[in-house]
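Below, chain A partners chain B and then partners chain C, in two separate complexes.
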Partner chain A sequence: MSTVIEVSGLSKRFGKVVALDDVSFSVGENKICGLLGRNGAGKTTLMQLLTGQQFATSGTIEIFGRSPVETASVLERICFIKESQTYPEDFSVKHVFTSAPWFFSGWDASFAEQLIDDFRIPTNRRVKKLSRGQLSAVGVVVGLASRAPLTFFDEPYLGLDAVARQTFYDRLLEDYAKHPRTVILSTHLIDEVSNLLEHVIVLDQGRVIIDGAADDVRSSATTVVGPRGAVDAFVGDRAALSRQGVGGLASVTIHALTSDERHAAGDAGLELSPVSLQQLIIHRTNSSSREFEQSA
Partner chain B sequence: MTIDARARRPATSGALTRIVNVARLHLTQKGPLLVLPWLILGFILLVNLLIWWILASALPPADRVDAADSMQFSGASTFIFVYMLVVAVQAINATFPFALGYGVTRRDFYLGSSLTFVLLSLYYSLGMTLLAELERATGGWGLGVAMFDVVFFDADTPLQRFALFLLAFLFFFFVGAATAAVYVRWRSRGMLVFFAALALIAVGLAWLATDTGSWPLIGGWFTENGALGVAVWSLVPSTAAAVAGLVLIRGATPRT
Partner chain C sequence: MDAMRPIFIQIAQRIENDILSGALLEETQVPSTNEFAGFYRINPATAGKGVNLLVDAGILYKKRGIGMFVADGALARIRANRREQFRDEFVRPLLAEAAGLGISRAQLADMILSDTNKEEGVA
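Take a look at the complex of A and B:
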């Protein structure tokens, strides 16, 4: 498997604010990768660095083997759809779809037409007059129809209703199956996209706290549920990601168990349940901010 | 069976194609760039004709010649140059983050924008030259009105006049481009520093000219060089602005 994105020791500071702190990871070709994290975690900054829009303070970025900054051969293979995309003054939707093919050699006009129908985008309207959801839909259509070998979606669904979001996920998967490419998707709606993702990177306060295959990440933790006494006895001094209790019942999320340990839990009358990606990320980002506060 | 090589897309496009595509992006909307300015200019001409008609009917014939002479200093056509400065500012400022999202390098964006400005300068210089010639041929639209054939664009031949307009348009376009580049690079703080510096330099030069008593010399330089000579000299600030714009844009980042 060849690598499309290779980041090492990447840091970005804006004055005194550290947006990214020593970030290293790589993304393989033709993966759908989720870039997750809370607001202000550094997701947008990271995407801007990966697309050559921002300049790194230190560290290296290689996209298709080269630095993206001012490298036309790299950048013309990238499409970056961001939530806050601004359009040229007085552009109408039509203008966006007329001009996009000049910049994306893989542009599929009939696919774009189909998507415009799917999302019911009024093509004669000025971009400025679009609703928030329609504006997001325009970005989604450009991102999908451009078929860029490396596509970034930064919170692409803002203002899109549930139906439109599902349409986006469906079309993305269908088209990805026919035309494999690397997609980086940053989002808050973790559970919604959970099934799309093969690779998950979680940022928290400018650092990578999770980086791995989505399945590995999901199975990296489990929740033990049962009578408080039995749960506490079983968990012992294992590190707990989260702990909740109602009456005599307790539910504790801990790191993945070996199969022997799972049997032991069963014998102790405890129930084991999987942890959703969203819950896991909530636990992990909460615990890392607690650690941060303690060390501060 | 042979495969038609033209049917296959090149893996990477040439630099020229990329630059031309940026120019196409700027020219996507034809109306406000290519048509609207002429309509506004037409309206200004109409108003000028009306005012002249009112004046002429009120003035005794002896004073009309005086009034016609002073119209040689009409700044009515200045509008189009300021409009083009604004066009350049808008083109750079509003299209920069958009083009970057389309995977355009800053360099290609700036060169494509510059190409657009040169093409627009040619287009408007041609139009202005035609209007000036028409004005001269019709004896000031039949009423002795001067709007295009004025002292600032005084030239012996239509070709010289075209060159004059072209140099003037290039100046306004690239001053606009450089100013927008300062904004795109440093935002409002950059604008404040830029205009403060500009004001200080202007005042400084004015003081220098006054202190050394060289105002007559400066005036003499303008009359000596004539309109065309001054216009050719404008290539110095125009080129400086164009280069400064490129340097500034290459370090600029889109607003988050």
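Take a look at the complex of A and C:
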């Protein structure tokens, strides 16, 4: 399997602010990869670096084997849908879809038309008169219909309603199946996209804290619930990702258990529940910030 | 469906369930990986892992250039596997819950028998 993105020791500082701190990871060809993390974690900065729109302070980036900065052969294969898209002052929606094919050789006009219909985008309206959700929909259509070999979506659906988001997921999966490509999806709606992902990268305070196959990450933790004494005895000296209690009940999230361990928990009268990707990320990004405060 | 399990295993189980229920017959074609992915709204690679699990278990087989088919004898194989797991997955939790509620083994046996009689009465 070939690698589309290869990042090594990447750091980016804005003055005293460290936006990215020694980030290394790689993304394989034709994977849908989730880039997740809290506000200010460095997701957008990372995508700007990957698309050659910012200069790295240190470290290296290879996209399709080459540095993206000023490299036309790399940039023409990238589509980057930003959270806040800006278009020329007088642009109508029609102008957007007329000009998009100039930049993307894989542009599929009939697919674009179908998507415009699906999202009910008013094509004669001026872009600046669109609602927040409609503006997001324009970006989603450009991102999907461009069929760029490497597509970035940065929070693609601000203001999109639940129906439109579902349409986005469905069209993305359908079209990805027919035209495999590498998709980097950055979002806060982790539960909604969790099952669409093959690869998950989680940033926290500029560092990579999770990088792995989505299946592995999703099953990497479990929550043990039961009477406090029994839970504590079972958890023992296992590392706890989070701990909660109410009255005599305790709920502790720990790393995944083997099937023998699950039976042992059942025999001890404990309840096991799965930890969703979203919950896992909340646990992981919360605990590291606590450690940070303690050490500071 | 057991949410503790990875999604690809859940997909494999759903296909098995369809074979058990007769919705998918032996020697008939099953939907493609991409169709499963679209239907369950999951990544095609995840759906593919579930399908491959069943290929490795001899439940499905690939006809080159055509697609995936339910293997001859798949139904019997799934039944045998599920029977082996029945005690762990159903009987043990049942006994644990009954013990917690103070239901004796004799009372439990009575419940099972009376329920069986009802079902047989209907049938």
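Just so we're on the same page, the second predicted complex is superposed on the first by the 296 of 296 C-alpha atoms of A that agree within 3 Å, B and C clash if a C-alpha of one lies under 4 Å from a C-alpha of the other, contacts with A are read in each partner's own complex, and residues count from 1 in each chain.
Keep this in mind: a residue touches a chain if its C-beta (ideal position, glycine included) is under 8 Å from a C-beta of that chain, and two chains touch if they have at least 3 such contacts.
All values derive from a computational prediction rather than experimental measurement.
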Could you tell me if A:195 is touching chain B, chain C, both of them or neither one (first, second, both, neither)? second
Chain B versus chain C as contact partner of A:87, first or second or both or neither: first
Could you look at A:214 and tell me whether it touches chain B, chain C, both or neither (first, second, both, neither)? second
Touching partner for A:272 - first (chain B), second (chain C), both, neither: second
Per the contact definition in the header, classify A:44: touching chain B only (first), chain C only (second), both, or neither. first
Comparing chain B against chain C, which has contacts with more of the residues in chain A? B
Taking the superposition on A as described, I'd like to know which of chain B and chain C A:32 touches: first, second, both or neither. second
Contacts for A:170 in the overlay, against chain B (first) and chain C (second): which applies, first, second, both or neither? second
For A:103, decide between first (touching chain B), second (touching chain C), both and neither. first
Please work out whether A:284 is in contact with chain B alone, chain C alone, both, or neither, and reply first, second, both or neither. neither
Inside the complex, what are the residues of chain C that reach chain A? 3-8, 34, 37-38, 40-46, 49, 88, 92-93, 96, 100
Per the contact definition, I'd like the list of chain A residues that touch chain B in the complex. 44-45, 48, 51-55, 70-73, 75-82, 84-91, 95, 98-100, 102-105, 148
For chain B, which residues count as touching chain A in their complex? 9, 12-13, 15, 18, 21, 24-26, 28-29, 32, 90-91, 94-95, 97-98, 100-108, 250-251, 253-256
Mind pulling up the chain A residues that touch chain C in the complex? 31-32, 169-170, 173-174, 176-178, 195-198, 214-215, 218-219, 222, 262-263, 266-267, 269, 272-274
